[in-house]
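This is the structure, below, for whatever I ask next.
When the chains are written out, they are named A, B and C in that same order, and each has its own residue count from 1.
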Amino acid sequence: MKRKSISYAKWGYIFLIPFFLVYAVFSLAPLIQTFYYSFIDYSVNTGAVASVRNPVPAADNVVNNGFCGFKNYSSVIGNGGIFTESLINTMILWLIGFIPQIIFSLLLAVWFTDIRLRLKAQGFFKTVIYLPNVIMASALSLLFYSLFTQGGAMYELIYNITGNEQSWLNTAGGSRVVVGFINFMMWYGNTTILLMAAIMGIDTSLYEAAQIDGANPSQTFWQITIPLIKPILAYVLVTSMIGGLQMYDVPYIIGGKAGGANGKLMTVVSQIQQGKNSAVGNVAALSVLVFIVSAILGFITLKVMDDKSVKTRYNKKKKKKA
Amino acid sequence: MTKLKRILAGSLALCMAGSMLTACGGDDSSKSDSKAADNASKAGGNTATPVDDADIPAADSLVNTGKKYNIYVWNTEFKERFETYYWPNRDEALWDGVEVNWVTNSNEGNVYQTKLDEAISGQNDAKDDDKIDMFLVEADYALKYVDSDICLDVRKEVGISESDTANQYKYTQDVMTDSNGILKGLSWQATPGLFLYNADYAKDVLGTDDPEEVQAMLSDWDKFNDVAAKMQEKGIAMVSGFDDTYRCFSNTVSSPWVTDGKITIDPQISAWVDQTKDYTDKGYNNKTSLWDDAWKAGQKIDGKTFGYFFSTWGIPFTLLPNTLDKSVDDGGKEEEGNGGYGKWRACAGPQAYFWGGTWICGAYGSDNIAITRDIMLKLTCDTDIMKKITEEQQDYTNNKEAIKQLIDGGYSNAFLGGQDHLSLLTEAADNIDLSNKLSAYDQGCNEQFQAAMKDYFLGNVTYDEALENFKKNITNVYSTLTMD
Amino acid sequence: MARIEGVAGTTDSRTALTVRRVIAYVVLILLVIISLLPFYLLIINATRGKVQTGLQFYPGKALGGNFKTLLSENYKQTYGDFFRSFANSLIIAAFTTVLSVYFSALTAYAIHVYDFKLKKIAHTFILIVMMVPTQASAIGLYRMLKNMNLLDSYIPLIVPAVAAPAVYFFMIQYMASSLPLEIVEAARIDGCGEFRTFNTIVTPILKPAFAVQGIFTFVSSWNNLFMPQMIIDTAEKKTIPLILQIMRANIQSNPMAANAGVMNLFMVLAILPVVVIYLILSKNIISGIALGSVKG
């Protein structure tokens, strides 16, 4: 082992070159620029255009007052600031989609891996539940918009059942449910497949032992399955949360430019998209905040994954070798 | 007061136009001073200063050296007009060896303007054949480009004389006239609006469907409200939803959305809010939003909606297809007996207004200005071509003479039960007054304000909360503006 | 599969099992309906006419007409050549996919196989940046590309795929479970160079992982609107989502040219290749995810 690391280490570096080179150019450099702008009092007057006949030193539709410390941050974080509000909105939308997503995915994963249940046509089901993921999010959202809008099929159905003539899209609660549902629909297949894989990896002898002890299915589920798939559950949770943090297309199409009923569909990335042409400094601060929140979440995943799974696996391998 | 503002704004603009920014008296060390001047956006809708024919350059003195003619557009409307009506009539000598390049970017998410602005800021450095030659604008943000120096002066730089444009409606030129009285762009269409009403309901409730008698009952907002109450008693909504009367009010404001970098809510805009809230509470509308399915459904002949405010293009392209019971694609015919065909009538309504419209601008730095002139002349000034467009496309063209010829030729519209609505449109177009009503920020302000107020109409929030939501969004979209 | 026989335990009776089975089928069938509904509605909309109000659950009569319109010379003039846009999307998605899976595998291989000082730091770095949303740096990226004269080019759409942290993450998980170091050592004894070992011996082992990440990358590139919209201007270079966006803009702002039936038909045609590829590869994908996933 030692010998190998001495003679071949340079290949490790060589093989890393393409990734880090490309990352540095196309991702890291723009990211650093974004950090820089977040400390600059910089905005663009989008109601004016740069002069072409008398080009002055700086484009005359740009307001650049130079370094401003944390001013951009305080203006987006403070009371009623767009970051705080939109972050709360985003998290609520994400939760509404994620809770049914994890419940159904767990249920399906357990069913698919339960050999006694002997479900037929599993391949068909597994394929179909994943399909909504290949449609463009915007196309899917447009369809749901026409289903739930005043006069749409779902609107009529809800109206006939509840007698409520207000379209769900016009209420904060209703529109959140619609957005959550679309997200659920797009991602539950993916999560099911991941969880299934995790369950299939559980050592069967554990289940055999439980069987001998006379455990019922729900006991087996809560006391064996759940604890053992915790790392992948954590992975699903955190990656979904990060995906949720980037939510944009679906709430934008359902809620429109002003973010739907009382602005409750306005997500962090919607704010970035809306302000990016004008409020450059503020939007950069928003982006950095998204980065920080994401990095923290990423760090948590890393911790969980490292401790619980990756290490165990490497340990196992070492044991085998020994 | 307004006049003073305009003069002030004008002098600021003049100052800006001078290459010496310091001449404005601003302290050069502070960069933001000159920006403040820029933020003091000028009021739009000015009247053009007459230009003497002697100052109009001759066609053969204009540059035409480029090999590629770049046109910036956001949809395919102009391209279709261009290909059908300009290309066969073009001056072939000018186009010898020149190809058209369409740069199409959708309006969605402001991509069109963002791309155009990027191209403008690089216009001086771009290779000749990559420079913008022509670009299109809409009324809601036209001023942004009109008040910058990218647009060519239609008279002195493009070479189109007063007599060439004599048949155009004045308001279409006012939109494109900067604070110094310079005309910066032209349009092939005029988009005055009318009130379209359901003749069956008119007969039932008002006892007549005659356009003149109905107009008499709707000629101002008080009368309009009275009719609304009568309709409501019969279970018919006067208008469909929240946005329907918006243009009538936003076209008659006393000051634009933005003056001196500050957003203000004009009394007319407040009047729209009050009226719409009142209508919603009293059931005078069906609580729909523009373009929604429920909004379209009201256009069926039994749609329980009395009328819609439509401008020229809305009649053949929105109302007609929506009111048919059997669509043309399903084998239906555009004839009486198919749904609401022939059962709608038009009247001027309580307020002259316009809605929509597209203008063509030539770009400074273009190496094909002779072509720009040719396009503008053929597509916005030529009476024969314009007449043909109106006949074939039902587009209301920006040419009084062409429209007059059609009316004199005994124009009647079968969809409107044989009514001649062109005369009404002509009258409406003449009555549009835009002085001091436009700002460069109208697009965002209109969109965001209507969206924010919808929550108030629906009862989700109070007026103050809705206003607060508007403020939050608009200052993110236009971060250099302030609002009290 | 056989090895998890008896997962459910023994205590539930035959009837309880039947009840569970019925519930499972009912839930699955409901989910299938929900998942297929959008496809159904899109296809129905593709058979409907120019102006569409509301949803309709039975087919219209305009499919043939929509096809004719879509393929007409006039449409080609107006929106650009559709075959061309398919080819453009295909070129970008194919290159992106190949670069992404190959270089992610190479990067993962470097971390998995070799021992070097910065290994741990490199790994941690990649996992942290995996979480950064692309929107966070979009403004900076645009200005940079402009300075580098890379706008209106496919390079910024394709090359960044070389550095795909999420694909890397999947690859390293997969290698941990299915690429024993012994194979590499055996290759070395045979005198095989490091780079050749990776290309000729390791990549065939990674095939299932390539299939999984390949289809994921392909789908997201095929559907991507955000980046091409920022970068591409020339009509001949436009991809499918960009043309769809112009059609949608017409529906909102240009009722004269708008044609909802044709737009939906185009959307169905645009989804079709992805669905077909997915259906062909779905077996690989599902087993691939299982292979690459974390096992407790």
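Keep in mind that, in the parts below, contacts are C-beta pairs under 8 Å (C-beta built on N, C-alpha and C of every residue); 3 or more make two chains touch, one makes a residue touch a chain.
Source: prediction; values computed, not measured.
Asker: Based on mean C-alpha positions, I'd like to know which chain lies farthest from chain C.
Answerer: The most remote chain is B.
Asker: Looking at contacts between chains, which pair has the highest count of C-beta pairs?
Answerer: A-C
Asker: Counting in whole Å, what is the centre-to-centre distance of chain A and chain B, each centre being its mean C-alpha position?
Answerer: Chain centres of chain A and chain B, defined by C-alpha means, are spaced 40 Å apart.
Asker: Roughly how far is chain A from chain C, centre to centre by C-alpha average, rounded to an integer in Å?
Answerer: So the centre of chain A lies 16 Å away from the centre of chain C.
Asker: Spell out, as numbers or ranges, the residues of chain C touching 2 or more other chains.
Answerer: 54
Asker: Can you list every residue of chain B that touches 2 or more other chains, as numbers and ranges?
Answerer: 293, 297
Asker: If a residue has to touch 2 or more other chains to count, which residues of chain A qualify?
Answerer: Within chain A, the residues that touch at least two other chains are 146, 151-152, 273, 280.
Asker: Using the touch definition up top, name the residues of chain A that touch chain B in the complex.
Answerer: So the residues of chain A touching chain B come out as 43-56, 58-65, 80, 82, 146, 149-152, 166, 170-172, 256-259, 261-263, 266, 271, 273-275, 277-280, 282.
Asker: For a test of understanding, state which residues of chain B touch chain A in their complex under the given definition.
Answerer: The touching residues are 16-19, 21, 31-32, 34-35, 38-39, 41, 109-110, 113-114, 117, 120-121, 123-124, 141, 143-145, 147-150, 258, 287-289, 292-294, 297, 364-365, 439-441, 447-448, 451-452, 454-455, 458, 460-461, 465, 469-470, 472-473, 475-481.
Asker: Which residues, counting only chain A, touch chain C once they are in their complex?
Answerer: Within the complex, chain A touches chain C at residues 4-5, 8-16, 18-20, 22-23, 26-27, 29-34, 37, 104, 107-108, 111, 113-119, 123, 125-140, 143, 146-147, 151-153, 185, 188-189, 193-194, 196-198, 200-204, 207-208, 210-211, 214-217, 219-220, 228-229, 231-232, 235, 242, 245-246, 248, 269, 272-273, 276, 280, 283-284, 287-288, 290-291, 294-295, 297-299, 301-302, 305, 308-310, 312-314.
Asker: With touch defined as at the start, can you tell me which chain C residues reach chain A in the complex?
Answerer: Result: residues 1-12, 17, 20-21, 24-25, 27-28, 31-32, 34-36, 38-39, 41-42, 54-55, 57, 103-104, 106-107, 109-111, 113-119, 122, 124, 126-133, 135-141, 143-144, 156, 159-160, 162-163, 168, 176-177, 185, 194-195, 198, 219, 223, 225, 241, 267, 271, 274-275, 278-279, 282-283, 285-286, 289-296 of chain C touch chain A.
Asker: Can you tell me which positions in chain B touch chain C when the two form their complex?
Answerer: By the definition above, chain B touches chain C via 74-77, 79-80, 83, 101-108, 111, 115, 118, 291, 293, 296-297, 313-314, 317-318, 321-322, 327-331, 393, 395.
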